[in-house]
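Structures are listed in the sections that come next.
What follows is chain A paired twice: with chain B in the first complex and chain C in the second.
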Partner chain A sequence: MCTQTIDNAFPLCDAIEALALQSMSEQRHAACKRLHELGWPTKRNEAFRYCTLKELAETKWKIGPVTTADQTALNGLAIDGTDVRLVFVNGRFDATASSPLPDGVRLLGPMLNETEIDRVANFTDDTFAQLATATTEDGVLVEVADNQAISEPIHIVHLSAPESDPSTSTLRVIIRLGENARACVLETWAGNGPCLVTPMTEVELAEGAHCNHARLVEHGDDVWHMGAIASKQAARSTFESVVLTIGGKTIRTLAHASLDGEGAHAAMRGFGIGDDHRHIDSRLRVAHMAPNCTSREIFKHLLPDHSTAAFTARIYVNEGAHGTDAVQTSRNLLLSDTAKAWSCPQLEIYADDVKCTHGATTGEIDPGGLFYLRARGVPEDTARALLAWAFASEVINEVPVPSLRTHLARRILAQLPGAEKLDEGVVSL
Partner chain B sequence: MSNDSNTTLDQWAEQSDYKWGFVTDIDADTLPPGLNEDVIRIISRRKEEPEWLLKWRLGAFEKWKLMTEPEWAHWPDHDWRPLDYQAISYYSAPLRDEDRPQSLDEVDPKLLETYEKLGIPLAERAALAGVAVDAVFDSVSVATTFRDKLAESGVIFCSFSEAVKDYPELVKKYLGKVVSRTDNFFAALNAAVFTDGSFVYIPKGVRCPMELSTYFRINQMNTGQFERTLIVADEGAYVSYLEGCTAPQRDENQLHAAVVELVALEDAEIKYSTIQNWYPGDENGVGGIYNFVTKRGLCAGDRSHISWTQVETGSAITWKYPSCILKGDDSIGEFYSVALTNNYQQADTGTKMIHVGKRTRSNIVSKGISAGKGHNTYRGLVKILPGATEARNYTQCDSMLMGTDCGAHTFPVIEVENPTAQVEHEASTTKIGEDQIFYCNQRGISSEDAVSMIVNGFCREVFAELPMEFAVEAKALLAVSLENSVG
Partner chain C sequence: MSLLEIKNLHASIEGIEILKGLNLTIEPGQVHSIMGPNGSGKSTLARIIAGEDVYSVTKGSILLNGKSLLDMDPEERAQEGIFLAFQYPVEIPGVSTKYFLRTAVNSIRAHRGLDELDAYGFLKLVKEKAAWVELDPALLDRPVNEGFSGGEKKRAEIFQMAMLEPTMCILDETDSGLDIDALRIVAAGVNQQRSPERGFLVITHYQRLLGYIVPDVVHVLLDGRIVRTGGKELALELEEKGYGWIEKEVAVGA
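This part shows the complex of A and B:
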């Protein structure tokens, strides 16, 4: 058996059924049914081979309670230069903590219109994606008309705030950009557990559209973050996404990008810092369906203690997708004897005029580099922090939004022991 | 498309029915198709095996019955159907002389043409085509001649059944120690029904005076599709072993499920080279061998070294992963591979390098060439266990695509559990550029020769690892296999 039944989570099942009944939505019913068929995945399921989900499967989950945001927690999550902030707590919109909605942004809720969701996402074999569809209560739709742009970044904050019982929550973010439209959407996932969150973001880009997307995972140590991002791109559109992980217990990101129109470009980046027994799992699939598309994937992990990271990515080049240019990179830095890294960078190619490369490296901090800095009087922890930052900066410097870049850099530096001694000037942002 | 392939498969199935029926009727020493305990007992009795080996076989069979045929291989252009294991005959005596072609005149002229292109001596051509040739070229006697010479240095090189009789202690000590009898579906099947194979033992400190090869015993190998090879290099020993044939064999077996086990003790080195050119099926993908082989080497001692080199141009489906378990400290594992698929051939091949000991090193160079509707998949694992301090791996996988209907796929898995390890993986996919061909044409080189030249350049790193004669043959073989693949 690759899975374990979800029946142990009675309260959750009941709540899901109630939601399905209430919404009269076929999608919810289907997701509910599929959820029971799939059950909780185990390690024997190839897609979850590196995740330890026993504890999750044994927990009696409930849907998160209705509550409001903790203001101090929110203040710590603010991103400079971002005035538009939408706050969700346990999957539900918190109007008091949020700023007014700009043009082109609307809320989907409390009961989502089923024609809006799962237009792009198609994760029929993923328990958590099904759970997301079955339990979604609120969502955000960012819809920009042809040749329009939302100039400011939209910051979506999701806080998990369970009471005493372990709870689940989800939020649907839908980004739909018209021809040559532009938008930038930032998501922050924070809050404490015990919690299971199942974020789901769907991106649909028309010809020439340009979307910047970032997901920051800053949960407490007892949060399971099982998220997904699905994107579909028409000709000459660009999708730039980055996932930064600096919190949580198990963080899994399932990202599927489909380059359907000629000349589309997708960049998927990820950086994660491990801690204690944290596990960071990234499963990507970039499908080149049309000629002359380009894609870039770079995922890096810094792994101390018992932390682990798994990177499984596939570049799929369809027949006739000539002129494809795809690069896939996975790099891991192991900082302790007990940290582990697994990489499976895969290529599946059915066209001959293509340029596809992938690279994976895993190792420790370069002793030569460390010696060089030590010889110049840099204390060891600072030297390590500097080298770790150099490792991270390859991902961060590629992020196209300057304010986000600064924010990510600060977040990462705050996690590195010894980095406080680094002059901000050293870290070129 | 699906209709067509159904028809061809049906035709193919018909052929195979005919084939097995034919064998059953005429030869008293051939078991009827089917697999059960009795068949295994009969095989064991025919081979006059000791009781422990029979038990070992039966144990494997018990496990095999509980296993299911794996389905994970990546064969996009092959209408794969699980095999009917009860339709295969598991024991067949060598072809009797009167059943073989009596002279080269009776051999398929297409086959002879290929031999001609490969530059194989006339006498060998006859042997390869399975012609009943005179005693001088009888492979068994040839092997025996060399065996005396080998015995002078204490090297044991004999068939597996002989080894079971003459060196039971050695066989018992090492059999199944690297590829256990229940390792995987095909290995378990092989353990239950293997009929013969090769056994090599190189004593302490001996450098084997010549390159050993199964080439000489090719007729014997024809007897069973489940052969088992066991090579043991004792402390400080060295052996280079060549496997396979240099021309298309008229092998009628559908399934070829062999097991190869290598054991290298302290300071020992084993170099294992394969040129695999089983019948690949015709241009429409009808027929051909299913080559499902388990090959694994154990670097048991410190500073031991195992090197796999393979050139895979044949078989309808190839499914093999020659691997190394690097247990001894400072041990080295190497894998060099060229896999070529043309027409409807599918190759899913690669290696596993399991780093257990300290300062273990592994090097993987894989070159895949796809033409026609062929698909080539590299599937590999590099695993660094927590104790493998300062382990080092470098992997390079390059693919070349020729034509628009073929595919090249790379599925590596890298698992690192020790921070001091350095693991690198690189892969690239290219095609032969029109500018390259144009450049050659301009200088009076035909397109076909240009392709052959470019492909040989692409594979150079692997060919450099092959023994001299093999390298020459490998180059010729690639050229033959790629014929008509470029307009």
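This part shows the complex of A and C:
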């Protein structure tokens, strides 16, 4: 294994072991053990070849302190028209800052029931997923019965708030929808560092269920965000997911979708804006296990300064999964000579009669579009901002829930290079 | 003072000279047409006047109302009154035509010392000008040129021209890809905008468009130079005889 030992992070190891002992949880003990075996990944590990984790590995991490939410930080994060908000600080539920729980939403913890977690997630080789299991304090379970729907989006906010020491935190979100049930969940990951957060979301959809999920990453620039999303879908279910990155230092998302029942559909979208030396890393795997499933992946990055993005995505088509229709798209817009992007699409197909396509492009702002706008009197910096927005909006416009779409569009707009040249009217589509 | 005055213009792209000493003067209120075979430099001329920087101007001058355009950015030229209707209007997904146009109108108004148009004033103007080219205003909620038919794109160009109220309008093969009905509508939209102050430069391959937008002066552009200038009857002669006879005459004269 190409790893650096995790034992150099003594305070963290001690804390994790204490948690494991306290919880008597088999899973936590196993995760703890696995964590020691895996250690911190290095660049020589293929799954982390684009991440620079030296600084992370050299940091003496502690588990985040118990504290409450900073109200000013929270105010800026609210979604218009959504009352349901569950707030977590350093991985622990903050009841005062949260709204009452709607029907179908339960809190997990402080010591998670081990039958609830890692039912879908199976990232045995991933240090950060193991760290998530080993250190989980609280969680949210969104459970909707057959033919029921939670109509309002459920907004889960996680704030990282270290005191003096660099700290880690995690939160487990479990979405479990019965037959033809519906729910919409938005996670906002915010707060300052130095922090290492390991978000973990598990989605289990019964036949015909429909889930909208969004993860908005808007940390301060000294936060390592090493997250995962795992989903498992029965026949004719739909999973719509989007990860938007507008903050953080290194943001890695591991997303595995398993289409287990005939006619299931998964859409995985991503949009990220770079800044300074930010690195955005997305590793996707969509497994078509049953016939006639469809999947759509579109990941786009807008990269200024020295920012970088990597997209590694595999479409796996199982034997017998005929009628598979999978599309994978990766697009990067480089706004400086020092920004970089890597795209690595992979297909693994064991069935006939399948349609799998992938496309990857990396380029600069289109000079033709720029000239067209300028020739109509639009100043160059405004024209560039408009074209950057045009690039972003494709992903945003595909978000199927209007209130969520507006919220995400506004957050993106606020961080868009040159956004001061635009006004909110641009979000009209 | 002339509206547009181009003197001895030489321009090249990637080291290849396209314009080789072009002279052209347009007075306020006039409609000029430039005709010429493929590759003679018609579109290059249009794009150089509008300020596309892929071309390098090696010699000569372009003046608009006595001001030199060559030192200006494209947006400054537009603000000064140049409008280029593109042969191939560019699609910009994710930006509504209305938002783009409001940005453009207000940039130009600011340059002219006018207040920004408010939402009401802007929509009123949109409604009035869209009617000139029979453009459905609902189309303007769509992204710029995205999903527009060929005819809609060209009508949208003429509509934008009406919104921006330029003094010097350049139409680069606006007739290409249009059927007869669309051609008639586009021409009517242009004619609506003719005025004693405004000049037009209509670039086309075919006389057909000039039957609707009747020019005062017709030029033939050949190998980067204007080789013949006449009245509207020159266009008819070209339609009948092609460019071959002029090419021969020019060759003999040289």
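The rule we apply is simple: the second predicted complex is superposed on the first by the 419 of 429 C-alpha atoms of A that agree within 3 Å, B and C clash if a C-alpha of one lies under 4 Å from a C-alpha of the other, contacts with A are read in each partner's own complex, and residues count from 1 in each chain.
Just so it is clear, contacts are C-beta pairs under 8 Å (C-beta built on N, C-alpha and C of every residue); 3 or more make two chains touch, one makes a residue touch a chain.
Bear in mind that the values here come from a model prediction, so they are computed numbers and not experimental data.
Asks: Clash or fit: chain B and chain C on chain A?
Replies: With chain A aligned, chain B clears chain C, so fit.
Asks: Taking the superposition as given, does A:Y350 touch the first partner, chain B, the second, chain C, both, or neither?
Replies: Only chain B is touched by A:Y350; chain C is not.
Asks: By the touch definition at the top of the document, which applies to A:E319: first (chain B), second (chain C), both, or neither?
Replies: first
Asks: After lining up the shared chain so the two structures overlap, which partner does A:E58 touch, if you call chain B first and chain C second: first, second, both or neither?
Replies: Touch status of A:E58: no partner.
Asks: Tell me which partner A:T361 touches in the superposition: chain B (first), chain C (second), both or neither.
Replies: first
Asks: Between chain B and chain C, whom does A:S336 touch in the aligned arrangement: first, second, both, or neither?
Replies: A:S336: touches chain B, not chain C.
Asks: Counting only touches as set out at the top, which of chain B and chain C does A:E163 meet: first, second, both, neither?
Replies: Neither partner.
Asks: Using the touch definition from the top, say if A:D221 reaches chain B (first), chain C (second), both or neither.
Replies: neither
Asks: Between chain B (first) and chain C (second), which, if any, makes contact with A:Y372: first, second, both or neither?
Replies: Second partner only.
Asks: Rounded to the nearest angstrom, what is the minimum C-alpha distance from chain B to chain C in the superposition?
Replies: Scanning every C-alpha pair, the shortest chain B to chain C distance is 13 Å.
Asks: Give me the intersection of chain A's contacts with chain B and its contacts with chain C, in residue numbers.
Replies: After superposing on chain A, no chain A residue contacts both chain B and chain C.
Asks: Give every residue of chain C touching chain A within the complex, in rising order.
Replies: It comes out as residues 50-54, 73-75, 77-79, 82-84, 86, 89-90, 92-96, 98-105, 107-108, 111, 141, 143, 160, 164.
Asks: Would you tell me which residues of chain A are touching chain B in their complex?
Replies: Those in contact with chain B are residues 319-320, 332, 334-364.
Asks: For a test of understanding, state which residues of chain B touch chain A in their complex under the given definition.
Replies: 74, 76, 384, 386, 399, 401-431
Asks: Can you name the residues of chain A that touch chain C in the complex?
Replies: My answer: residues 366-369, 371-380, 382-383, 386-387, 389-394, 397, 425-426, 428-429.
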